[in-house]
Every structure is written in structure tokens, then in C-alpha cells.
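I have a structure I would like to understand better, so I am pasting it below and will then ask my questions one at a time.
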């Protein structure tokens, strides 16, 4: 329970941070999609540690192996098993931590829930679990591309109190995002963000941030009413990413301050289809996509693993000063960008198949 | 698809705004819980229109009938069917609107998705669908009460730009919340909120708001890792409520601006169990409840139905000035309070059963 | 848990035998299907007690009310709530039985599982629960008819040791089936069956039987591989019907005695499509429909409720001679015919939507 | 879709017959169970080809690797990924078959459903897919053993028309079953079965058979009412095994010929619990286990792959005489024994967790 996501396009991830391998099985991907290992690898490379001085130094080449479901570059309609071996296992780094639940980690809650924990690192709660999501998300993206020419692009829109300026949701590309190691397409803000991350790193501290994501060319009609609203699934998907604390779509929390007359999106003819003049709805109305660009923001807390000394207690309640070593990300958002994209793609691919099923096809 | 929620404690809602009835079936509720019709009715009364001048004038007595699953005041472990008849059906109010998709409603997307729409009102997209949720949520609350003595309390923490002051999460009660028709326990803020709602009502406009919710006495261990994180299900639940645009838990979006050393919640002995000194985590760590109070905020947009004239186009693209009559809420949050509570209770009850199942029971 | 069935076309039934009402909610039915209350009523009339002297004398008019999801004779794509009130509640008939678990009923297992039971009758385990299935099945049949012109026809092929002769699977119709109250289209066998049922009734005993079902015009391609095989879902559906003890498809248990050279179904051109010369496969190969007629058989045990005296023990282990009154079916199969048809239709409708979803639709 | 099974104890299998690997991910296994790779390997060894002259000569060492979810011999409560590499890939054996759908195989239906097929062999429809089931089933068995000391034993009870004599359901063990390569504990019948299989092999033909399975020490209370009946899940599980054509529980099809007075299982005190004198119910009443031994039978058709010449047509409808080479099982039942056991264990483990969840636990 808990490691699967989706109804018809369904991913199950597996693997401990410091076990033999991590990965995912994608069940329900339609047959006949082009799928190259390189497409999957490209997103994994954007996620992996050690890309720049801003992120964790853990060295993982993270090469994906496709064990099933693809032949001659085409999906077979059968489960696609994706496996990435763990090369850099350093359980020793964590040995001293067994008796102390690290503050704001999952150590305490896993211990309570399971009565047992993986010998080292975050087990399934750590960021490494997202390898399987990113690999599976790349499959979903391929579906969105072939079906709708839809694209998903995410970027860092805030680090700490440094906010990116306005980004053009209609044109922003992954290339633009990747120009800075911090993955913010606003170059000036990117520099400030990098400086801030460098500073907290030096202080052996960490800092939070915000990721914005756009989904373009999503056809109108995806999403189900009531509990199956598209924004509801996006919210679940985003809040399932480690360290995320908030989600808002379209006008979001700012919309709560507006009046209806200002917030409503009037309709207008756009070529041959109805579109909206403004897009405070964020591309979804009544839980169903309306053909406009979908966009949302995800808040990430500062990573809980810091080098700074912290006063806390061990499992028995004895006072302890925690000062962990190890190598960690001072800020999670640059590497979380492909994870947000992956989860968005998984939601949309599943919604596309469910909608096609619901719509059915009369003879 | 779409009208069901939950894995073991599972609710399915049904009913159009202006059809014969709305309601819900709760499947998976354990046997032997005390369940009085009055408990369900009490929350429905907090949700129904016509309670005060601040909300919709639609007159619905909203009496719930329990058709199955309960005998002699005890649940049987079988599906509980809850039905509320629609008394005040006024399809005529909507007759003129068939050709015009109302801005920021679900008219356009439902038409695209289904090729057909309920003859009047919002069909399943309208607020009336939440009757079933509130009825089912009252059953879930009963489970939480008997199992854990857990309580769920929500209140209006903002209307437009009027913010409530700090509310004591440990003690705030529904009685305190209900002292003002706007359902804000900060009396001074409540007055300002009521004044603001009155003003936008007079202007035939609407305004958004924010609801905060606390869940107390939730035991540590609920929630599943990875995609089944408790905050992920809460986020999905909240974003499935009509008009919601955002969700944040614990520190939320503000947490994204913090450093790890400030944000981490150190452990401390609280009686016989480990607790945390601060609670930026919002009662959930690694997706699993840690025994602290769970709290989160939900943003609601201003209701899309306004009396003010709006320029838009009809389904054929012809310019139209829309000036609907009908009776509507100028602000949705006072009546959304029991809906937020219901959805939170449904998430927690389901998580409780899934956790009990996962934990299993060795002979 | 347990009262829902299906993935995209999903039915949830509710209601105790002797409670206020029984019924079902169908979620996921596509929009725009024609659906008349009479179509649903027709199948309910075939299921209800009191049709002939062969079946239970319980008098239930069983009028269905459609509470939602249908407007102007068309489905809206939203949940369809179907409710049938219980008119003939006679809890008194059962009062004496509280302390004795009736042999081969669900009294004992429900008591162990739930620690509580409905005050009278079989609660959810009794045949009355199938009212909701039959009502929902009629909706599924409408989908199959509009999509594929597919038809589902079941009949009684054995009562006790009386076997029906060969029935033409390509032409047999419900009209033919209903010519005899026992629902066997082989008139001569039907007479013998009726005589046998009359005899066991007189002896205050009961007798088992077998139902055969054909599904015609099911397109090739329905069903999912591995655990989602079409015959696997049919088997689950049939074994979920009260009193069923076995399921076999195509050659079934007799096929286990055959050799491959005799059992294999060679292909042949049938008009413009490939078909098979023989049909030992029963219309399904590798879990997926092949376009031939699907057919299967379901075994039903003799009803456990008999008037004859039985020696057993009460819940405390004290010897008891049980001699219940009440009115019951001496043989369940005539009334189970529409239940088998309903479950088959529900499986096929769901498989049709899932297949359409999986197949997806490239732009 | 289709490759997952279970609600709380959930297995997803993956892998093509002739791809890189086959395997399974088990999500939802409780933490703290002892799990040795040898336990899994033992059942895989009973399933693999090449064990005796009676079964397929395909040489697969089938060594399982546990990639996640287990540490120091204990389950972590996280997904358990189990992978078996394919060593003996011989796509060449199948090259000539691309244009001809083999009779009673999945070639035709997969082609219709997906428009594409794995380059060789049965892809997901072949017996090799069951490797993942058997590996996952061994995990489920470990749960049943630790929770309830429950055991699952299956054996071959018929090959063609050769029937095994009465086997003692209370005592039969895997050791007894494995004494003969045909896996029938009735030694005399086993010899006849082996002779029959040898004969059909020589004739390049194949033959069907029946497997009987018992589940002992299953506690009363497992299974959910209505659609979640334990026998319904067992039926689905068994009909999902390649080549199965029928399922019957307890009295099964023979029960349809009986009268209620003979068929009812009277209660009797057995030590401290109520048991039944007879067991025509097969250990399940009203869909819920009653504490007696569960037993059922599964019919398997003769394998469709035979060496004998067959007249059929190719995809274009041209007449073809098919005379395939390759190495295949003349009879599937000896190797299907551990598959039946695995599927039964998966059903029971899932039912155990769901029941524990439903039962919940008041504070």
C-alpha cells in the first residue's frame, strides 16, 4: 500500500535509499508508443545528485535498465519495469543515528508505524525513492507527446525569500530552465538563488523553495468530477513528493483575496475553440481541463538534514546534540524540478486514459 | 469514476443539484459504532443554505434518511446509504443559461467532456454535491471519536483580505467557531468578514476566503509512505471541494522561505511519548502522522456565480452580456467549514483502517 | 469494502434484506446512453419473488426509483442511484433464530467477523442484496446494446440431476427462456425440473442447479492480460452471487479430459474477420475476448433455508433441532437467471471502458 | 492495468517470456516478517521447467534476486521487488510463427487488442509470467505462516481421464505431493498420469488436468460480503492462471445435484469453537471463512502448443498447416501446482490484511 499511483496508467515504485536498487513498474501504458531508454535517462540525469556544487555530492551514475514492456523501441502494452542500481551505498554514514530520530525526518514515524527501519538513510522516505517516479514520468511524457503534443515544464520560482520574476508560461522551455544550475529561467533571480544556496551550505544549514509547473496542450475534458478532479490528483501527486508542504493552482491562495468579478475567466473565441481571456482557473474548471495552460505551484520546506548542531532527544528521551556528517542538498528544489514534471505527467497520462475509457466508443 | 473516495473506508456520492435527491453510500465502516441520525443531521445543518443573510437563500431543509447499514443505533459493518431529497428545485432559474457557458463554472468543461449537461444548475459540479460528503463525514467522525477520541475542527481564517488573528489550535471548538455566522472564532475579525461579505453581496459580487482545519488526537502511525502520504490524501481531499484553489500543511508556503535550522521540529519527551517542541511539520512527517496536532489551510476562490454583468461569449462564440438572477452565496467559506471537516474525517478514518490492515495482527 | 465492483464502470450496492431499502449506485456510466426506468424494472420483475409457485412467496413489488444520473431518458455521465424500498419486512419470522446459527448460512461467519448481525434474515448475505445488482446490470446492458449490439442471455441448464438438452447458443433468447417458469428453454426438461422443484418443496427441502450464460456480439479485444483476464472477472462476478459454488468457461472441467489436438480452436475466415471453427475456448483466449460467443456455466447449491428439521447447535454449543418457518425458494436458479445476466453485463461493460481507456486515442 | 492483484497486500508482475527478466513487486507486506530468499527459491524450483521428462525442456535456473523491502532477513514494510533473469531466450524458435495466430493461444487476441506483440513466445500470456506470481506467493505464505500457522497445499487430482483417489485434506503435505514428478499424492494414480503424459508427449499432443488445493488453519472471518467474497477472489485468482477453464469450491458442480437437507453443514462444538460436521461449504459461508479447511478444484485445458500438425489460417486468412518445433509441456498441471498455491496464498494474505483493517482497533 502506498507505493502505487494511478488508475489505468499505474506506477509502482520500489527500493530503499541504500539497498540494491530503486525503480518502478509502469502498468497500463498503451502499446505502440515510441520509448527510448535515452528519453528516460535524460530526466534521471536532471534528477541525480552531484550535478553541481548546489546539490548533494552523493555520486550516482543512475543508469536505468528497461527490463520489460518495450521491444524494438516500442511499448508492448505490458508492464514496463525500470531499474536503477544503487552504486554509492554508505550505510556507515548513518550508523551513529540509529538511536536518535532526526528532527523533521521520517525516522520517528516509520519506527512507530513499522517497528523497524531500513538500516540507513531515509529508506523509502528519502529523495532517492523519486528515481522511480522520474523514470516512470518519462514514459508518461512520451504518451502525452504522442497523443496531444503536450509538454510539461517546471522551474524554480523561489528559493527562500528570493522570488523569480514573471516567466512566460506559453514559451518557457526546459533548455531555458537548465541554463542555470538552480533551474530558474529568470537569470538574475537564478544568480541570487545560487548565492543564497551557497551561503546556507556554508552555514551547514538548508533553505526551502517553490517550484512552478506548466502543462501545455492538454486537451479539454481530462479529469473526473467530484473526487477525481484533475487539480485534486495534481495536489495529491505534489504533496506526495518528499519535503513538499503546499500546492496551489491558478490564482491559488492569492485568489482567495479576490472578488468574483475580477477572478472569473470570461470566454472568447480562440481560433475554432472556446478559450478564456484570463486564466485564474489555472486551466481547470469544475475539476476538468478546459484547454488552457494548466499551471500550479508547489512549496518545499528546507531539507531536514543539516550539518548544524541541533538539540533534540533520542528514542528513550535522553537529550542529544545532533551534528550529522554525510553529504546532503542544502536546497532540494533544483533537483525536484524533474520530479514535479514526472508527477504532473503521471497524473495527466492517467487522466487521459481514464477519460478515453469513460468516453467509450460507440460502434 | 470520480465519485468515490477512500480505500477501506470508502464513500460514493451521487445526485444532481436539481434532481430528485443527493446522498452518499459509505462502504467499509466497521461494525458496532454508535451512529445517530442526529449526529449526521447536525453537520448537514451547518452546511445547508439559508442559515444566515451571509449565505445562499436557497431553502433546503436537508433532512437525511439512513436507508441501510445501521440498526438500533449501531453500524452493521455493511454499506450505509444516506439520502437527502431535493425540495427546492428551480430549473426555471437556469433556463436562459443553456446556451452560454458561465465564466469559471463547469458548464464548458462538462459540455466538452460529456456532450450533455444536467438541465439546470451545476449538476454534480455545484456545491449541493457536498451534502453527501458531509453526511458521510459525520460517519467518519464517529469512527475517529470512538477509536481515538480524535476531533476535527475547521474555521474561516480569512475572507478576502481580512485575516483572523492567531487561534489556539489546541482548544478551538465548533461552538466557538459557530458563535459568528461567518464561522470565524476571532470575533473582531468575524465582524469585519461579515461586513465585507455584506458589501460584496450588495455589489452583486463575491469574495474568496481561507479555511484552517485542525485534527487533534490523531495517533502516530497513520498514513502510508510514498504516494499514500497522509498530507497527499488531505491535499487531494481538499482540492476536490468545489472552488478550492490551494492547500498547505504545517509551515506551508511560508515554510519555503525558512532555513532548516529554524524549521526542524526537535523532539522532546511529552509524558510517555516523544513529541516535538515546535510543529512546522503540521503533525505529519514522512507522510505519516507523528501524534502532534495536524493542521492545514485551504484557499477558496470567490464564487463564480455573481449578479454583476459579465461580458463573455456563448457556445457558438457570439458575444453575450451575462447577468444571472438566482440566489447564491457571496462567499462560500462559512458553509464550506463542515465540508472541510468532513473531507478531513474521511481521510483520517480511511487511513486508520488501512494502517490497522497493514499492521495486521499476528496470532 | 466488498460492496463495490468494477474499475471504470463501477457499481456499489447497499441495503439489508429487511431494512428500509436496497439499491445500487452506478458510477462511471458514460453520458448520453438511453436509459428508461422500464428497462431496469423489466429485469427486476424477472428477479423478484412471488412470480410462480416455484419460488419464494415473499411479496415484493420491487419498484425501482432512479434518484440521479438520468435526465430526459439520457444518462448524464454522473452516478446513477437506484433505490427499491422494502415493503414486506417480517423480522418476526426470524426472531427465534437469533441464538442459532443456521447451517450453511452466513449467520456464524457474520457473527465472527462483525460481532453483530442484522436483526433478521440474511442481512447483506441474503438474495435480496441482488436487487441492486440486477438494477445496475440493466444499465450495463444498455451500454452493451448501444456500443456493440451485444446481448446477454442466461438460462437454467440443470436442476438437481435433471439436465437440459443442447441449446443453440447463437439464437436462444430471453423470450424462449421465460416460456417456462423454471427458465429452461428446453421445454421437456423444464417440465421435469418444475416437477422436481415441486417435489422438494413438498418435502420442505431444496435442490441445486446450474445456469448457463451466453454473451453474443462482444467485440474482440476486451479483457486485460494476467490478473485482469476477462474469464477471471467473470469467475469473480459469478462466485460473488449468493449460493454459487462453481464456474466454468468454454470446455470447462470437461476440457481437462481432452487432448490439445482435439481442444484447439483452429482459425478460419468468417466474412471479413478471423473466427474459430470450434469454440472450446468459450470466446476468450489469453484472457481477451476473440469475437466468438462467450459462454460459461455457474453451479448453485441447494438453498440452505429448508423447512425440514435439522440437528445442529446454538452459538453456545447446545444441541438444537431447527425447523424454521418463513417462505423460501426451494430452488434458487430460476430467479438467479437475471442475476447472472446482470453480473455478466457489469463485467463486460467495465471491460469495454477499460479497454477503450487502455487503447487511448492519439490525436 | 491487469498486472496487479490485491487491495492491501498487492502484487504487480512484469516481464515477457523472452525479454530480459520477469518478476514481481509486492507492495503492502507488513514489516517484521521473516523472509529468506531460499523460501522464495524453493517454490520457484517447483515451478521451473526442466524438472523432469514430463515437463518442458526449457532450461531456466530461475534464480530470484530480492532488490528491496528486506533487510537482515526481515521485511521492512516497503515494496519487495523480486527479479528473475531470463537466461534461455530463443526467439529464433518462434520466428516462423509471426504470420500465423496459433490456435487457442493469445496471438490473435493480443494482436487485435494491442496492434503489436512481443517478438516471440507468449509474451505476457505465456506460463513464464507465473514466475512473478510464485515469487510473490512465497512472501504471502510467509505472512500466513507467521500470522495463523496457515498452510496451503495443492496437488494434481486428475490428468485427462485419470483421477486420483480420495486424498486426506487434513494431512496432505507438499512432501507427499512431490514424491511423484506428476505431483499427485495418490501413488498409483500418479503412475498412470505419468504414463498418460508420456504417451501424449510421444504423440506430440498434450492433455489437460485438474488441481485440488487445500488451505488449512485459515481463521474464521476472512473475506468481505457481496463482491468481496473469499471464494469470488479465489475464483478470480485461479481463472487468471494461464490455461485454467474452471473453478469449484466445496461441493462445487456436484453440489448442484444435491438437496439442501443433505448439503447443509450442521454445526458442532469442536474444542472451544463452533465447527461443522460436514464441509460441503468448502470452508467459506456467506463469502467469509468459517474456520474449516478451505478447498477447491481448478480445471486446466490441454496446452495449446502441440507438435502435431494443425490446419488453420494465417492473419490474412490463407490456409496454413502449423507444425511448430520448440520445447513445451505436454501437460501443465504438475508445474501449475505451485502457481495455484501462490495465488491462493495471495488471496488469503490480502483478505487477512483487509479484515484486520475493517475490524479496526478501538483505543
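Order as written gives the chain letters A, B, C and D; numbering starts at 1 within each chain.
We take it that a residue touches a chain if its C-beta (ideal position, glycine included) is under 8 Å from a C-beta of that chain, and two chains touch if they have at least 3 such contacts.
Predicted model only: the values in this text are computed from it and were never measured.
*Asks:* From the centre of chain A, which other chain's Cα mean sits the farthest off?
*Replies:* Between chain A and the rest, the longest centre separation is with C.
*Asks:* Which chain pair is joined by more contacting C-beta pairs, A-D or B-D?
*Replies:* More contacting C-beta pairs are found at A-D.
*Asks:* Quick one: report the Å distance separating chain B from chain D, using the average Cα coordinate of each chain.
*Replies:* Chain B and chain D have C-alpha centres separated by 45 Å.
*Asks:* Could you put a whole-Å number on the gap between the CA centroids of chain A and chain D?
*Replies:* 38
*Asks:* Note the residues in chain A that touch 2 or more other chains, in rising order.
*Replies:* Where chain A meets two or more other chains at a single residue, that happens at 1-4, 7-8, 13, 28, 77-78, 113, 124, 225, 354-355, 357-359.
*Asks:* Over in the complex, which chain D residues touch chain C? Could you list them?
*Replies:* Touching chain C from chain D are residues 1-5, 7, 13, 101, 103-106, 108-110, 112-113, 122, 124-125, 129, 158, 160-161, 200, 205-210, 220-221, 223-229, 231-240, 242, 245-253, 255-269, 274, 276, 280-282, 284-291, 297, 299-306, 308, 310-313, 315, 317, 354-355, 357-359.
*Asks:* What part of chain C is in contact with chain A in the complex they form?
*Replies:* 7-8, 28, 30, 77-78, 143, 146-149, 219, 225, 352-363
*Asks:* Note which residues of chain C are touching chain B in the complex, please.
*Replies:* It is residues 1-4, 8, 10, 12-16, 19-23, 25, 27-28, 31-32, 65-69, 71-72, 74, 76-81, 83, 113-119, 123-124 of chain C that touch chain B.
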